[in-house]
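As written, the chain order gives the labels A, B and C, with residue 1 at the start of each chain.
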Amino acid sequence: MAQVWLWIGVAGMAIGSVVFGWGAHNARSDRWKIIYLLNFFICLIAAGLYLTMALGQGFNIVHDRPTFWVRYVTWFLSTPLLLLDLAYLGSSSLPLTASLIGSNAFMIATGFVATMTDKPKNYIWYIVSCFAYLAVAYLLVQPYRVEAVRQHPRAKKAFTKLLTVHLVLWTLYPVVWILASTGFNVIEQAGEAFGYTSLDLLSKVGFGFLSLNTMSTLEKADEAPSPQYESAI
Amino acid sequence: MAQVWLWIGVAGMAIGSVVFGWGAHNARSDRWKIIYLLNFFICLIAAGLYLTMALGQGFNIVHDRPTFWVRYVTWFLSTPLLLLDLAYLGSSSLPLTASLIGSNAFMIATGFVATMTDKPKNYIWYIVSCFAYLAVAYLLVQPYRVEAVRQHPRAKKAFTKLLTVHLVLWTLYPVVWILASTGFNVIEQAGEAFGYTSLDLLSKVGFGFLSLNTMSTLEKADEAPSPQYESAI
Amino acid sequence: MAQVWLWIGVAGMAIGSVVFGWGAHNARSDRWKIIYLLNFFICLIAAGLYLTMALGQGFNIVHDRPTFWVRYVTWFLSTPLLLLDLAYLGSSSLPLTASLIGSNAFMIATGFVATMTDKPKNYIWYIVSCFAYLAVAYLLVQPYRVEAVRQHPRAKKAFTKLLTVHLVLWTLYPVVWILASTGFNVIEQAGEAFGYTSLDLLSKVGFGFLSLNTMSTLEKADEAPSPQYESAI
């Protein structure tokens, strides 16, 4: 059963890669090409991850739990691209982008250690990783949103939507972790595979489309003719 | 016998490191320093690789095949520098450079998985890695060449030579892979060591000199006095 | 006994992370924010390292020596940030910054191989790593200092102090290595833990404060009103 979800992951990520790759190839400007490329590589890395898992690789029995440690290897590479996606859309400053990417790397690395550690020590690492996630969430809700709205005042709504979707999806990852065999063991392996696969598809392929949509809103807002209507919007 | 080729690799890469390092130290401009530095670090990483292998390290018996997995670790670090070399010479745009480096990283990573995987599953990864290589080759032959020639119209011939040498050498790597024990097992370990070592020396030390030569051609072409002679060249 | 030093490391690095993180949050300009952020992530990575070691993880018996290989994983990530700290203060050029970071990466990687290798082969790698360190030291004492003083002529003294502290601390790392069980085995495990922990605290938390101090000196020097007094200072 878990196996089915992994092949669905392969198919979904492969489709995402083809769509975003094709978009990058035909992009009408560098701005669009960059967004398409980021989404393309996010899906490509994930396609490699799901193919690895579907072929029964990247997997070990760690402390009596079957563990796909390869997830963390690929998340370490794909999550910074997701944050670059956000940073690019929000025209974030260098210090903010670096803070986001650094906190995220710490979150994935400590999450990986949590996954490879025996109970109950793993909960220490889980809590450390959750704190890193709170830092990422704070950076997005506060300085990121403020900077993005300052740069694109007419696109406030688009950023609120983008951030809400992003934060809801990312918050569910540690929830799956704590419910699966890595934590309290209340969902089975198939449930864990379903949870991570659907979150990955939504936060990579789905979020990719949302980022393109946001880009299009931004472009319209930035090109809008007359500044005197600004306050009305 | 295989051992001899590894020590030849150590010597060749060490000589390359010294020559390019000395060149970087005495470079007459930042432009030259950057090209020398890229070639220096490419050879330095490879010197570390060959020393590791010559000392009998970075090596495991994987699925009954003696496997120098350390090659892939160092290729993961040196191949992006080689592509930066090309991108710097061709004044490539950011999206193109990122596409090249991303596709290349996917190629090396999946090639590594192919090498660590048992037959026949390894052929799936081999094919995936070959597709990534085709993407790299396409990016070089099409957008890279077009951008490079647009920026340096008088150096068309130099870029054709650079790309031809690069693509011939890189295409031979998957050929050695499929002929060695990783694939159809028609060449012995000494043949594999000879193949990879000579390819590495040509594509790192040899290609390094070619890149310096191209830089010098570019500088002459860009400094050429009168635009009216352009069509004649 | 060694365990005590590891928990002191956790506490020290956690305090450093909080202080520098708070500073980054309240920084009055992007220039200050960048320095605080670099120091924050240096301490955060080290806090993760010491927590790993204090919990008895990141550790294996390698060739009959108890070896915390995780040190090298985190040094690989934190030392480039330390060099970026220096490069940022000294307004170093791109080729110089890249040379520093590349040589440093080679030093840590070969140091890691030295640590994982059996005697006497490990001494080959130790010597290679020491040569890489000599390259880093040369780059700092010569081109780095020259560029930094050219950009900030009134801060010559500040850079001399910064470099002296940096080089004394970094030189002591290979000394601890060669005296510990990795080398001549004349200091015990507690001595090794004391050595590395105190060096880490001094070169990360201590050096962080020194870098802030240098930044403040630079700002005063650059803002100093009248160029005619320059020669007198």
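Methods note: a residue touches a chain if its C-beta (ideal position, glycine included) is under 8 Å from a C-beta of that chain, and two chains touch if they have at least 3 such contacts.
Quick caveat, the model's predicted, so the values are computed rather than measured.
Colleague: Which chains are in contact with both chain A and chain B?
Modeller: Neighbours common to chain A and chain B are C.
Colleague: How would the chain A/chain C interface be labelled, same or different, where same requires over half of its residue numbers to be shared?
Modeller: Different, since most residue numbers here occur in only one copy.
Colleague: Suppose a student superposes the Cα atoms of chain B on chain C; what rotation angle should they report, nearest 5 degrees?
Modeller: About 120 degrees of rotation relates the two copies.
Colleague: Hey, how far is the Cα centre of chain A from the one of chain C, in Å?
Modeller: The answer is 32 Å.
Colleague: Pull out every residue in chain A that's touching 2 or more other chains.
Modeller: Within chain A, no residue touches at least two other chains.
Colleague: Give the list of chain C residues in touch with chain A in this complex.
Modeller: 24, 30, 33-34, 37, 41, 44-45, 48, 51-52, 55, 57
Colleague: Quick check on the complex: what are the chain B residues that touch chain A?
Modeller: 93-95, 98-99, 102, 106, 109-110, 113, 117, 121, 124, 128
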